[in-house]
Every structure is written in structure tokens, then in C-alpha cells.
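Listed after this line are the structures, all set down as C-alpha cells.
Next come two complexes built around chain A: one with chain B, the other with chain C.
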Partner chain A sequence: MTSWIVFRREIAQFLTTPFAYVIGAAVLLLTGILFNRDLNISFSTKPADPALVPSILSFAMVFFAPLLTMRMFAEERREGTMELLLTAPVRELSIVLGKFLGAWAYFTLLLLFTGIYQIILVNITAPDLGHALSAYIGIWLYGGATLTVGMVFSALTENQIVAAFLGMVALMLLWLADQAGQLFSNIDVAIIFRTMSLQGHFSTSFASGLMRAEDVAFFAGIIAVMLFITAQILESQRWHG
Partner chain B sequence: MKRTASASIVIRRRTLGMLGNILGVAGVVVGVIGLIWTGAPGNTVIATFAFGIGGILLWAVATPQEFTGFFSGRQVRFGTMAIVSTILLIGIVALVYLQLLRAAWTFDATQATRYTLSPETERVLSRLSSPMRIIGFYSSRALTTREIDDQFFRLYETATNGLISREYIDPDEQPAIARRYGVQYDGQVFLANVRDDGTVDLATLARVPRGDAQERDITEAIARQMIAGRLTIYFDIGLGERGPLDTTQEGISAVFAGVQESGINARTLDLAQIAAQGGDIPPDASAVLFVRPLRDLTESEIQTVARYLDAGGALLLLTDVLFSEQPFLSESGAFNQFLLENYGIGALDAVVVDPGLSAQTPLDVISAYVFAESDIAARLDPAVSPTLFSVARAVDVKLSETPSNIATGRVIFTTDQAYGETNLTLLGETNTFQYDEGVDLPGPLTTVAWSTNVQTGAKLVLIGDGDFVANGRIVTTDGAVTVPGNGILFTDSVVWLTELSEEIDFQPQLYGQALPLIFVSQQQMDLIAFITIIFMPTAVLLIGIGVWMRRSRR
Partner chain C sequence: MTDAMIEVTRLTKRFGDRIAVDHISFSAKPGEVVGLLGPNGAGKTTTMRVLTGFLPPSEGGAKIAGHDVVTDSLNARRNVGYLPERVPVYPDMTVREYVLFWARLRGRRDARARADAVIAQVNLSERRDTLIRNLSKGMRQRLGFAQALAHDPPVLILDEPTIGIDPRQVIEVRDTVRELGRTKTVLFSTHILSEADHVCDRVVILHQGRIVAQGKPSDLKRKLRPDATLEEVFLSIIGTERGAGK
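Right after this comes the complex of A and B.
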């Protein structure tokens, strides 16, 4: 119930903050340009790539997710509402969960907007909609995972810029881990790094039209662990005052 | 203090709970460390995780209040317990992940079911009775390729209940093994039978080609492996034919190696020697190939061939017009007459000239028409994979009044403008040709024909070009295919003669061909660009500005 209240407050905050719309417009502009570029390249030469926009977003989220989450706890502190939240008879996990669901709902809304590209493709050709659905489910889970990573850094620091920067660095490392094979000659080490990478659970499965249970578990696991860590951080702040 | 005998040891629930707590966390932590250390969910790692989970269950059962209190946060203190609980959660997540990884639960969302084995593949796999192994050589640089390939390989493993297994070897870490397998590039895949002791039988090693149609390539390799050793074809070398081991442009080493790689035993025989000794063609010969013999067969050699055919044998005859004494399949020669009388096909002493469809000169004959209903010609679409014969020989086919029990047919046909130049002396000496009414053979002419005895099962394919499968005509020096149609004609002729098609009942899925290309007008493109680049971002931005203005007014 507490999570529901926090969620409603969070989503309302997203929809009434100009910043969220700026990010939304930027995402749509970026995906729009790349979608048109791909359309021109594909013209009469190859079928449409239904996973194009989710694949673009998989990289874009490295930057957009920390921007969306950087204000989550830092702003609460700035406005002085953090103490109110922490002293209220609510569990930290409920607060964290509510805030996460709010951000994830906003991201879902953004994804729905990009559905326009699929509608366009349906009108000009016959894209593989099953493939598209798989890619969208994948990026939805991927986006959720990136948001939780951003939340950890938002809870760690009071400075929004620092939170965003650390979040971007962490996500960039998780994104680059996919290329571990280029860095490590030992294949076992490379496999471990790739297993921990975000791309390794998206590009060769969801983005290719294949949904694997272990990839769903990976993203769900990242979300669960990061939310738990965020809650632990808040808990420690409550105890430390 | 002295204890009495009646004193009993009391184990409290709290003690059990504490024990479970310690064992559970320790088990999970050790399991995670073990997993990171080994890089794979081995039995020890799984056992350690199970031990940890057991400890946690003991904790939950022995002291449920403490257990729930731990997760509700009341008893969690930052510091050690916070770290331990986080590690615990990571351990549980890792365990679930590894179990799902092992279970390999997947859902193929593509319309073309690209990640699902086709019914054809399942039919092939259902006939599999002995273990095989897919061996992939991937370095750390080819990790993504390995993962993509593994998605397919594990489908085969699951579909055969482990009869087909997977093994990955890093060629950088184990270069000696890579050399033993003959690895040529990173990401190369092999297939081999597995011995009873679980080791790979290198004698059965076969390369799996790397193409777009991955399922077809793997399944065909498996199907070939299944029939490996059951079929044997012989290349005759006793009549001056092209050498099966000759790697020069004139040799036929490429097709000889290709036959071997297809899982068919390829050997050589000397018909002249066999006939001279009064022997017979080996009974295990699924087919005998005569690739451009230089002389005709003697009476004893014809008798040897006749006995082989009467027993249901199969012949592939590749013949050129030769400007020599007693050339192979001379029109009036005894062997040609034997074929015409008994099998309804034979060679003509005429060179095909086709002004209607040819390459550099009218003597370079391109297949104009194919009889697609024939198994040999089914894949020989003239528009996609034409054949090219240089100095082709016309072939005679008796389509009516065939000998009893004999069925005949054409495979490749010239255009109507073609004719058969019969003045071979002039052609051989001056390289000139001209249609002479009443002397030369009017077109269209047959260049490839087949015959079969429906009673004995004997089969023949006669091809009016002795060099069309020479190394120089099949592949270039860098290994690229020059005339695909020639290779297909040879392969499908061998497949038909040996009845290999009945062994491999497989029609590959045509990936990527089901989806249409994008065709839009410039006007539509402009509209799409306007909607997606200008309208949508601007609309969202305007809403944002509206929200900001509304908030500012407050």
C-alpha cells in the first residue's frame, strides 16, 4: 500500500516536471533520426529491422536512466522531504519500490510512444511483429535494470550531478562488459564478464527474437538486488540520521 | 564437574536457527565464490548452493520469527548483516539464473520460427542412434558468435536428449588441439561421432559450413554423418581419366574431396586391370564414375560393366568429343552401342554450338532449359544456377521405343538455335564451325541425360562434358565457387545415382526470405521523417513547456 502511494506521487512528479518531457523529446528525436536513417539504408535492399528502436534504446539508456533517477533521492533531500519519509512508519523497501515503479512506468510510457515506428512499418511493409514484441519486452526489462542501477547512486550521494555521473559510468561498464572478449584472452574470464553485461542478455536474445528464461531472470535479478541495495543504503541513512 | 549418565543434551530451536543462519549464508557465499572461480555451474557449486539453501530452510523452520524479522528489516543492522543479506540475495538470484540457464527455456517469437528446429530436422534427429558431438573452436574474441551458435546447438542437444552434445575449445589456449582438428578460422565448427569412452572419434570428423542457413548446415552435417561409410563411390583411373588426387586446374581433387566430406567413401578403381584379371567391380560400389576417359572400353571391360549394371549398379559418365583414335564412347563404338541398346542413351559424335545462349564463344554452352521434374535437375534453375560446358558433346536419348524395363529422360537442353557440328576434324584443326544442312544435327540438343532399369535398379547419367567438374571449373584458386550450376549438377547426379536423397530427407528453411523488402515513395519517406523527427519530439517538448508554464504561474 505504501509503495502504491509513493508510486502515485512519483509518477505525478514525472508528469508535472518539464525535465521528464525534455528527456522524452530527446529520446524520440534520437530514435526518430536513426529510424529514418535505417529506413533509407534498407530501402529496397533488406527487410525492416523490427528490433532497431529497442537496440538504440539499449545504448541510450546508459545515459537516460541516470538522468531519470538522479533526482529521486537527492531532490527529496534538497526539498527536506527525505527526513519526513525516513521517519514515517514505512519500510525503506516500500519507498524504493514505489519510486522505482514510478520511473519504470514513465519509461514504459516512453516505450509506448516509440510504438509509432512499428505502426509505420506495418503500413509500409510487413515486419516480423513477434520479433518486435520480443525486442520490446527485452528493452522494457533492460530499462528497468538500468533504472535501478541509477537509483543506487541517487541514494548514495546528495549531489544530483554526481549521482548521474556515477550511474552513467556504472552502466557504461555494464554495457561494455559485453566486449570483454576483446580485452581478456582467457575465455573463462571473458565469459564471466559477458554474463554480467547488460548487452549480453539482450543483443543476442531479445533483440534477435528469442526470449530466454535466464535473460528474464538476469534482469529481474538485477532489479531485485539493486532495489535491495538501495533500500539498505536508505536504512543505513535512517540509522545514522 | 562430573556429569551424571542420565543427563541429556538439549538442542534449542534458537541454536538450530543460528546454525542454519550461519550454514545458509556460508553455503551461498561459498557457492558464489565457487561459481566465479570456476566460471561454470559445476556439481560442486550446485551442491554448495543446495547446502546453503538447506541451511536457510533450517533457519526459517527453526526460528520463523527471527527469519521474517530479518527480511522485514527490523533486525537488519547496517554493516555485516546488511552485507551478508545482500550477498544472500545475490546468491539466490545467481542460483535461479544458473538453473534457468541449464533448463534452457526459450520462446521463439519470430514469425519464421528461426530458433525452432524444423520438422525436417526433427525427422533426421529421430533416426539418430549413436552419440555425436558438436565441437566449436572459439577464442574470447568470438564470444558473441559462440553464444549465437550455442542457441542452436543446445536445441539439438535438447531434441536428442543429450545424444548430441556440445564442446567448446579455445584455439588460443589449446593450439595443439586446434591444429589436430585442422581449424582454419575462429568460430569454426566440427561434428564427429563419440566413442564409448566419451572421446571424439577424429576419423569421423566433418566440418560444418558457416552460412546464413545455420539449421540446414548443422542438420545436413548430422545427416551426412549418419550415412557416413554406408555409401562408396569409385572413380575409375584405368582409362586415362582426370586424376581424383590431381590438384591442378585439370584435376578433379576438389570434387573428390567434396564427396568425402559429404560422408561418402570415395575410392579409385582400375577397370582395365579388373577386366584383365576377369574380376568384377567391387559389390560395395554405390556408383562408378568415369571422368573424361581417353579411350573406349574393350569387350572384356564392357562385360565387366554390364555385370555390374545387371546387379543394380550405377554409372556416371562424363565424356568429351576427343579428336583421337578410338575415343571414349565413340558413336559407333561397342560401348556406346551397348548403352543405346540396353539403356536407351548414348553419345553423339557432335560438338554443340549454341549461338542462342553461350558464354565467350558459341562453344561455351550455357544450360537453356532443364527438366525440373528430374531429381537431378530440380535445383538447376537456369536463371539462378546455370551450368557451363566448354566444348559440349551432344547426347542421344531414346525417349520412345526404349528397351524393356528402361526409363530414360533429358536433364539439360540447348536453345532451338543450337546445332551439333559433326565435322570434328575441321573443328579440331582450325577451330571453325558452321551449320551444314543435312550434315550437322539440328537443335535443340540434349547435353545431359539419365536412364534407369526399373527392374534391376541400374542407373546411368551421361554428361556431354568431361571437364565440367575439373578443379579450374569448380572453384577459383582462393576457394570461391566459379560456376555453381556445375557443382550442383555433379552433386545431384551422385545423389540420384547413390540414392543418397532417400537417406537425407531434408528441405532447409529459407531464412530471411519470408519478410518483404521496404518499398516506399519519396513522399511517404518525407511524411515519415516529418512525423518521427519533427512532430513527435516537438509535441512532447510543447507539452513539457506547457507544464513548466503552468507550474511557473503557481
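Right after this comes the complex of A and C.
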């Protein structure tokens, strides 16, 4: 119930601030241009990739997720409303969960908008819709996980720019973990790197039309752990004043 | 002491090596207006933050309406309305949305009706659909009161509610506090002594984190001189303390 109240506030915030629209427009512009390019190529050389948009977003979210979450706690602290939130009879985790669901709902809305590309695709070729669906489910979970990583840094610092920057660095490292894994000829080492990597649980599974329980569990796990950490950070800040 | 709405027992709060609040004890009964007085940095805000559950105490404890602020924090917080020194607002919300948000978050089932009632109580009904960013400072202060009252708590904690507003509004706030004090327990801080003299049933004077005097303003004044003002009482106490410290 508490989370629902915070969720409503959060989603209203996303839908009334120009910044969220700017991010939304940037995402749609980027995916639109690349989709258009892929479509042109598909007429001559290769069939259009049904997982194209989710794959683009898997990289783009390294930058967009921290931008969407940077103000989340930083702003509450700057305005002083954090003090009221933390003195309301609610648990930190409920607040964190509500805020996360708000951001995730906004991301879901953006994803739905990119569905327009799939509609265009269906009208001119016969794409593998199962493949597309798998990729979309994958990027939905992947996006949720990147948002929670961004939230951790928003909770850590009062400065929005610092929060966004640290979030991007962390996500870039998680993204590169997969690339790092590819450098190793030792299969065990490569597997360890891949296990830690966001990209490793997306590009070779969801984006290839493959839905595996372990990948779903990985993203759900990241979301749960990061939300828990965020709530712990808020809790610990009480103790440090 | 069992019927006290606010009960502070040997409360201590340290920030690293600095002791902000040093073993203070006081209480407030239902319907009592207690003034927390002291110069800047005396520990007023820290005390209030512990009482509202925002900061945990380093030592000692506090109870709100019988609920411990640490071990039974959610219930303690349910019984407190808090107005921090700088009124915290969401500038992009309207007055009504803002009060409704806090009423809901603090568990009011009849949040809409309650929000409207509280907005009327602080005379903001005409501004209920105004964005908070467009409110004057005085109106924001009243909105802060509305927020603190949103869930109709029995205990109100007001941190310097008259700071930075014009004299007419100061009088308004004083009247509001006195009015609220009829039905609620109010703890309010100030460093303006005449203000406390007007409004409080009892005062607690803090200096360097310690309680240096507490009691009815009239009693404190009588102790010093029959015609003394609270200011003179305050200066004499702080002065002695300072002398004793050196």
C-alpha cells in the first residue's frame, strides 16, 4: 500500500517533468534512426533483426538508467522531503520499492512506444515474433536491473551529477564484464565474468530468442539485491545523521 | 509519568566526538505546549530529530505516546506530526496533492476528506490547486503545518516555525500553535524568547546540549526577580553556565 502511494507520486513526477520527456525522446530518436538503418539494409543484404531495438537499449540503458534515477533520492534530500519520508510510519524498503516501480513503469512505457517499430516490421516483412517477444521481455528485466543500480548511487550521494556519473561507471563495468570474459581462453574464468555481466545474460539468450530461467533469475536477483542495498543505505544514513 | 505523550530519558546524541545532546530528560503531558529554547547549536533540532524517529539516539531513549522511538519506531512515528525548520515541499505538486500524499502515506483511509479539512484549517482552501512553487513563504509555512497535521497526530513537533516569516505571520503561527495546544501535545523550538513566553505552558532551556533550566515561564521568572522577563532569565542562566565552564 505504501509502495503504491510512492509509486503514484513517482510516476506522476516522471510524466510532469520535462527531463523525463527529453530522455524518452532521446531513446526513441536513437532507436528510430538505428531501426531505419537496419530496415534499409534488410532490403538488400540480411533480414531485419527482430531483437534490434532491445539490443540497442541494452547498451543505451548504461547511460539512460542513471539519468532516470539520479534525482530519485538526491532531490528528496535537497528539498528536505527525505526527512519527512523517513519520519513517516513507513519502512525504507516500501519507499524504495515504490520509487523503483515508478521508474520501471516509465521505462515500460518507453518500451511500449518502441513497439511501433515491430508493427512497421510486421507490415513489410514476416519477422520472428517469438524472437522479438523474448528480446522485449529480456530488455524489460535488464532495464529494471539497470534502474536499481542507478538507484543505489542516487541514495549514496546528494549530488545528482555524481549519482549519474557513478551509476554510469558501475553499469559500464557490468556491461564490459562480458567483453572481459571474451578475452580469456580459460573457459571457467570466462564463465565467471559472464555470470557477473548484465550483457552476458541478455545478448546470447533473450536477444537470440532464447528465454532461460537462469537469466530471468539473474535479473530478478539483481533487482532484489539492489533494492535491498538502497533501503539499507537510507537506513544507515540515519545513523550518520 | 506514564500518561506523558513525550517522554525523554537521559537522551544523548553524539556525532563523532561532538556531543550534540547530553543526557537530557523531560516530558510533556497531553494538551501541553512545551517550548524548547536555546541558542543556535544548543541541540534543539537534534532532539526533535530523535523524537521524530529521523535520528537514532546514541544513549538513553525517548517515547512518543508510550511507544519507544527505536524499538517501536513505526508506532511512535504514527503519533507524531513534524514540521522541520525549512518546510520540505515538492514544488511541482499542488497544495492539495501534497497534503493528500502525506495523509495517505501516513495511513489515513479518509485521506481526501482529511486533506480538505486540514487545508481549510490552515486557510489555504483558495490555493488548494496552486502549485507549491508559486506559494509565498508564509503560505509554505502554513502548508508545512497542514502536512504535519495531515494524519491528525496527538503529538506535534515544530522546529522553529516562526523563523523567516513576517511579523503578522508570526502572530498567526503563534495563534495556531496555541490553538493546537488545546487538543494536542506540542513541542516547539525557538530562539526568540518572547515568543515562548506567549505560547508555552512550560519551557525547557537547552545550552550546549544540556538542559540548564525547565519549568513554567512564570516560575522561572519569579525565581530570578518578580518583574523579570524570560530573556533575563535565559541570559542569567546561560551566563552562569558560561562562567562555570571557564
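The rule we apply is simple: the second predicted complex is superposed on the first by the 234 of 241 C-alpha atoms of A that agree within 3 Å, B and C clash if a C-alpha of one lies under 4 Å from a C-alpha of the other, contacts with A are read in each partner's own complex, and residues count from 1 in each chain.
In this section, a residue touches a chain if its C-beta (ideal position, glycine included) is under 8 Å from a C-beta of that chain, and two chains touch if they have at least 3 such contacts.
Just so you know, these numbers come straight off a predicted model, no measurement behind them.
Peer 1: Applying the document's definition of touching, compare chain B and chain C: which contacts more of chain A?
Peer 2: It is B that touches the greater number of chain A residues.
Peer 1: Could you say whether A:161 touches chain B, chain C, both of them, or neither, answering first, second, both or neither?
Peer 2: neither
Peer 1: Let me test your reading of the model: by the given contact rule, A:35 touches which partner, first (chain B), second (chain C), both or neither?
Peer 2: Touch partner of A:35: chain B, not chain C.
Peer 1: Would you sort A:128 into first (chain B), second (chain C), both or neither based on which partner it touches?
Peer 2: First partner only.
Peer 1: After the superposition on A, what does A:169 contact: first (chain B), second (chain C), both or neither?
Peer 2: After superposing on A, A:169 lies clear of both chain B and chain C.
Peer 1: Is A:80 contacted by the first partner chain B, the second partner chain C, both or neither?
Peer 2: So A:80 only meets chain C here.
Peer 1: Once the structures are superposed on A, label A:16 by its partner contacts, choosing first (chain B), second (chain C), both or neither.
Peer 2: Both: A:16 reaches chain B and chain C.
Peer 1: Let me test your reading of the model: by the given contact rule, A:229 touches which partner, first (chain B), second (chain C), both or neither?
Peer 2: A:229: touches chain B, not chain C.
Peer 1: Is there a shared patch on chain A that both chain B and chain C touch, and which residues make it up?
Peer 2: 16-17, 91, 239.
Peer 1: Which residues of chain A touch chain C once you look at their complex with the stated criterion?
Peer 2: 2, 5-6, 9, 13, 16-17, 79-91, 238-239, 241
Peer 1: Along chain B, where are the residues that touch chain A in the complex?
Peer 2: Those residues of chain B that touch chain A are 36, 39-40, 72-73, 76-78, 82, 85-86, 89-90, 93-94, 96-97, 100-101, 103-112, 114-115, 138-144, 147-148, 151, 170, 172-173, 512, 515-520, 524-525, 528-529, 531-533, 536-538, 540-541, 543-545, 547-548, 551.
Peer 1: For chain A, which residues are in contact with chain B within the complex?
Peer 2: 15-22, 24-26, 28-29, 31-33, 35-36, 39-40, 42-48, 91-93, 113, 116-117, 120, 124-131, 133-134, 178, 180-182, 184-192, 194, 200, 203-205, 208-214, 216-218, 221, 224-225, 228-229, 231-232, 235-236, 239-240
Peer 1: Can you name the residues of chain C that touch chain A in the complex?
Peer 2: 15, 49, 52-56, 74-75, 77-78, 80, 82, 84, 86-92, 101-102, 104-107, 147
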